[in-house]
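A quick write-up on the structure given underneath.
Each chain gets a letter, A, B, C, D and E, in the order it is written, and its residues are counted from 1.
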Amino acid sequence: EGGSGASGSVTVDGSSTVYPMSSAAAELLADENSDIEVSVGFAGTGGGFEKFCSGDTDISNASRPIKDEEATACTDAGIEYTELLVATDALTVVVHPDLAVDCLTTEQVVELFGPNSKVTKWSDLDPSFPDTKVAGFIPGTDSGTYDYMAADVVGDESETLREDFESSEDDNVLVQGVSGTEGAVGFFGYTYFEENADKVKALQIDDGQGCVAPSAETAQAGEYTPLARPLFIYVNNAKYNDNEAVKAYTDFYIENLAAIAKGAKYIPLNDEDYAETKTALEGLAG
Amino acid sequence: MSDALTSGPPPGAGLTAPDLSARSRPGEAVIKALLLLAAVLSIGITFGIVAAIIGPTIEFFQQVPVGQFFATKDIGSQDIRPAVVPLMMGTAITTAIALVVAVPFGLGAAMYLSEYASKRARKWLKPTVELLAGVPSVVYGFFAVYFVTQIVLQGWLGLEVSFFNSWSAGLVLGVMIIPTVASLAEDALSAVPQALRQGSFAMGANRMQTTLRVVFPAALSGIAAAVVLGLSRAVGETMIVTMAGGAAKNMSLDPGEGRQTMTAFIAQTAQGETPVGTPGYNMLFAVALLLFAITFVINAVSIAIVRRFRQAY
Amino acid sequence: MEADGLNVFYGDFHAVHDVNLQFGKNEITAMIGPSGCGKSTVLRCLNRMNDLVAGARVEGSVLYHGQNIYEKKVDPIAVRTHIGMVFQKPNPFPKSIYDNIAYGPRVTGMKVDSMDDLVEEALRGAALWDEVKDKLKQSAYGLSGGQQQRLCIARTIATKPDVILMDEPCSALDPIATSKIEDLMMQLRDEYTIIVVTHNMQQAARVSDRTAFFTAKPDETTGNRTGLLVEFDRTKQLFSNPFDKRTEDYISGRFG
Amino acid sequence: MSVAASTASEVTLATIASGRTRDRDIKSLLFLGALWFSLFFGIMVLLALIIDTAIAGAPRLDGNLFTRFESTLFPERTGFKAGIVGSLWLMATTALLAIPLGIAAALHLEEFADGTRWYNKLIEVNLQNLAAVPSIIYGMLAGAIMSFLGFAFGGIVIGGAIALALLILPVVIITTREAVRAVPQDIRQASLALGATPWQTTWRQTLPSAVPGIATGTILGLSRAIGEAAPLILVGIATVRFLPTGLDSKVTALPIQIFNLSSNSQEAFQTAASAAIIVLLVMVLAMNAVAIIIRNKFQKSW
Amino acid sequence: MEADGLNVFYGDFHAVHDVNLQFGKNEITAMIGPSGCGKSTVLRCLNRMNDLVAGARVEGSVLYHGQNIYEKKVDPIAVRTHIGMVFQKPNPFPKSIYDNIAYGPRVTGMKVDSMDDLVEEALRGAALWDEVKDKLKQSAYGLSGGQQQRLCIARTIATKPDVILMDEPCSALDPIATSKIEDLMMQLRDEYTIIVVTHNMQQAARVSDRTAFFTAKPDETTGNRTGLLVEFDRTKQLFSNPFDKRTEDYISGRFG
């Protein structure tokens, strides 16, 4: 278990949404075994796969499933991997706490963030909204979060969002931006919202069934649509089997998944999903 | 013309000549070669910079038309955001604000140090001012965000500025380059010969008139060089604008809004670790090359100013 | 104009000891003596240029029209507009010839009807007009050394002082330029009181009405050389029939 | 003597003895005030910065700050051990790279180069230019050097040190040259006239005499290096939770940790960042103070 | 030792024209002449110190024990260990007195049995031993100007040269220190060949066996002043009965 005898180094990179979990896993593992050096980056899901499929990293964090072309790149490089579901996320649309807006319909979300958006004031979206200028803070184009919003929610064929919003790969920057600017809007993973619930306000989303607030329950129950999404880690099979540190870290991660998710303030998997993940992990040790 | 030889003893007579033959000193030659090598390396660095940047830049322009690079708005798809003009705007606006702070304060400090301060006071005041340049730029960045933006601009002044904005980045950047301007300008002012000051005082001019009408114009080329060097520092500074200036490609002129500069773009993109080889990644180098070219030109201008107008007194 | 019991110190160093001198109006007074005897120091006291030297301290008084210029209520800047100064090395400002002349009137806020006329008048007064009238807007640095020195004199008379101090005004110049300046000094005597320091005894003999001879006496304990006034008299008298042995030795070239 | 002035003009006396000096007229006073303000504006900002940071960071100036690694789970005990130790590693490596190289180049230019040769002129102009190259560009160059050398991973000690060494090399060269130039020609001639070779003269006479000046310059250069973050970002240095063990191990630096934390919106992390800034400022200001003291103390007038 | 058809150029400027001189062994040869006539230049040629001046070029030959020191195979560094040099301004190293003396033997790799003995011998040779024997480890900068100059001489003789060149060795010193150095030069004559440049004719007359008088002749077209040797003779002869009119004018104080 904890791999108390193991030593060596593990390189993890990828989704910034998953970063806090993988980082928390590393931090908790270090309390048990300080001989394992884990470095966790947050290059974004796409950037992470790029490195993962060229063999530079052992584990890749992802806030969406691997894309076909990424999978091909891995296969071409002879890299076999295993996908492990680690948590659920509720992509949260947040605004400055003083803004008198509480709920958006899915259509309004699309209108607000879409590549051809003409929305410069909140009142452009709905005349009942205040006359405040809109300022946006959104994840960078390399993030899975951006991809998810662009491709799966907005769904424009260009798969992009509007370009005049501030963007950053670091979700903390987004929190700062939204909380520090009047009329600001942004979106990011649920955790970042929960950590900063006192600074920003989460909007409810109305996908035709009435306004639903993001939360562990609504996400787990499948009510928070279309913004709930799964989070993964991808493990390089060969590295897992050859590098005792990678094995120790992965085992520890999955073993303590509930505690890690809780520590990192994520929405833990339900029992069913967790059982599936454990099975997948067992399949890894080949 | 002289009777030296007849009246003096023959020079050097009766002594065997000492050995003066050339000896080889291989150590000496090796050392000199090493020193030369070290100096030549500095040229290697310049070539290295250009070489390191140029490859990906060429690749970038194969992927993206030049017109799209020099566009004011991104016209591309997926993860290509090639427009550089908004970044140049960002650099221009923050730099302008920085110079508005640094030039008057820097020159004022320089005039005080050179024309008013006693020798002893100068010995300690000048390094103290120079400390401002020694404060790490992350520290300034942090200060810009949490003090200047939040406490001064939004709090005390009650301005409706964005969390990331050019005011804060530019002002703090200006403070950071005050010593660059002050130090060089002070050197230029001090180099004005005392005789000119005496001449002015003897005409019944007071100290202010002497400073402004005689010393300042006489030192003008050095002062111009100081300002230009400050400009080049402002254009190249990264952390303050990355932390306080935001990441929006913004063509508006309102300093209360945030905007990305060329340097901030490089830092933020590099941190995001965009996949190697993609246009998004290669753009990093195109922007860096542009930045390098701009600072190179600015610096060449400053060297030329000094050369051209160097006072002979 | 007169110096009364003048003592000058640079920090602890007693540079000039108890000098008493009366300068005649519309006369040229020369100050001569070996190097380091304090001639320049005394000269600088006469228009309070010593105020600008860090550590310099002046005791005694300098009377100008009966007014002690070292009194507290006196403005040293105003003093300098009345008592002009010309230096050893020509020091024109890095400006045009015109602006060099106009500088004094401008900074002192002189009321002038026509600056052009004033500039011309000053340049004529310094016997420079004909040489520069076509290039008033050109830099003063383009002039020769002698012309520059005359420009400095013109610049000084433009502020309409009544005393002009000159510290070895010809020592950086060649013989031809020197003789031009000497001629100019003799012309200026009609309107101004001139006090000139020189190393060149022939020059003192040629141009001055009165001559003051200084020397320096080493202190017995410290060896510091303090300057003092040895003899002050009509120039003819001093050179032909010196009263003091030291003066005689000096003018006959036996020391200094 | 009767020739002495007798016709005191009233106008004259009124103007020179007015009790007012034009050095203290209203314009001059305003001007002086403006100059004073210019000088003290920067110093006031520096003070504001220090005080603000000290107040914000004081609660976290505890042992954890120095003994613990970064924690994303427990902001109140997040620490900067990795950053502090990493910065020291980076600095030492940077010094090893930049100081010998910089001194060697400076000695060549000052003592051995024939300044009339085109390549030496080129080196001169080039140095002036390098001093103005943005630090982030040096980071890109170092990144390129690292991948050229075949290091797969960024973010390691040697990569960061190369970036910082490149950055401070012009500073070291320029200050060393000034220090060497200040050594009087006399000393060199005396040595050569005794039959010493040029290198012996440089090594035994010029260099020792220039040490204080060189020390001042290199300390200032290193103090700049220790505070830099931008070039480190470009060579991939991020946060790690362990100490480096060699030149090729991953490392973090204090400014990088500060940068990463500063964007964290939780207040406890900002408090920690403020505390880390205090540590960084103490290091940088101490180095500057040492440099100033050396300069003021050993400044020889020969 | 002898200079043969020596011409020196600084870049395009012809500084010294065709000088021929023979220096007598164990004699003191003085070189005199007005400022800028090339005395120092000639002196520096004699131990190839001119090699170090950028742009300097030497034509002609300098024979030392019959060997032309400008030949290609000659090592200038070896030349300088045989032909020492003392400068105008005392220039001790910023080291202890002891290390100043020991420096030459150390850098030239001289075989010495006891460095202490060598240092003592050199200091005795320069008549400085008694004054400094108790503070050998102290900085040379603590010495007076005259002591520093004697230290520089001691430092030179520690490398056991046989010729010592001196360029105005007393011009920065007071009369007492000067006379000590002059005494020392006369003592050293027993062992060394000394060539000394001086501005002070009395000094040349007092200490030297032979004197070379140089002057500078302006070029008609360029006005550049090229130095040349006017007269070279036994000192007594040259001062009492100069052969050349220019020499006579110079030693009688009529120019220079």
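Following the convention adopted for this analysis, a contact is a pair of C-beta atoms (placed from the backbone, for glycine too) under 8 Å apart; a residue touches a chain by one contact, two chains touch by 3 or more.
Keep in mind the model is a prediction, meaning the values are calculated, not measured.
Shared contact partners of chain A and chain B comprise D. Think of each touching pair as a link: the shortest run of links from chain B to chain E has 1 of them. Contact tally for A-D versus B-C: the pair with more C-beta pairs in contact is B-C.
A turn of 175° superposes the CA atoms of chain C on those of chain E, with the angle given to the nearest 5. The distance from the centre of chain B to the centre of chain D, with each centre set as the mean of the Cα atoms, comes to 13 Å.
The mean-CA centres of chain A and chain E are about 84 angstrom from one another, to the nearest whole unit. Centre-to-centre spacing of chain D and chain E amounts to 46 Å, using the average Cα coordinate of each chain. A straight line joining the Cα centres of chain C and chain E is 43 Å long.
Chain E has residues 78 in contact with two or more other chains. Within chain B, residues 145, 206, 271, 273 each touch two or more of the remaining chains. Each of the following residues of chain A touches two or more other chains: 41, 168, 170, 173, 176, 179. Per the touch definition, chain B reaches chain E in the complex via residues 1-5, 7-9, 11-13, 15-23. Of all the residues in chain D, the ones that touch chain B in their complex are 21-23, 25, 27-28, 31-32, 34-39, 41-43, 45-46, 48-49, 52-53, 56, 101-102, 104-105, 107-109, 112-113, 119-120, 122-123, 125-130, 132-141, 143-145, 166, 169-170, 173, 197-199, 220, 223-224, 226-230, 233-234, 236, 238, 255, 258-259, 262-263, 270, 273-274, 277, 280-281, 284-285, 288, 292, 295-296. Contact residues on chain B toward chain C in their complex (touch as defined above): 118-119, 193, 195-206, 209, 213-214, 217-218, 311-313.
By the touch rule above, chain C contacts chain B in their complex via residues 47, 49, 52, 54, 77-78, 80-81, 84-85, 87, 89, 91-95, 103-104, 107-108, 141, 152, 155-156, 159.
If you check the complex, the residues on chain A that touch chain B are 13, 41, 43-44, 46-47, 50-51, 135, 140-142, 158-160, 163-170, 173, 176-182, 184.
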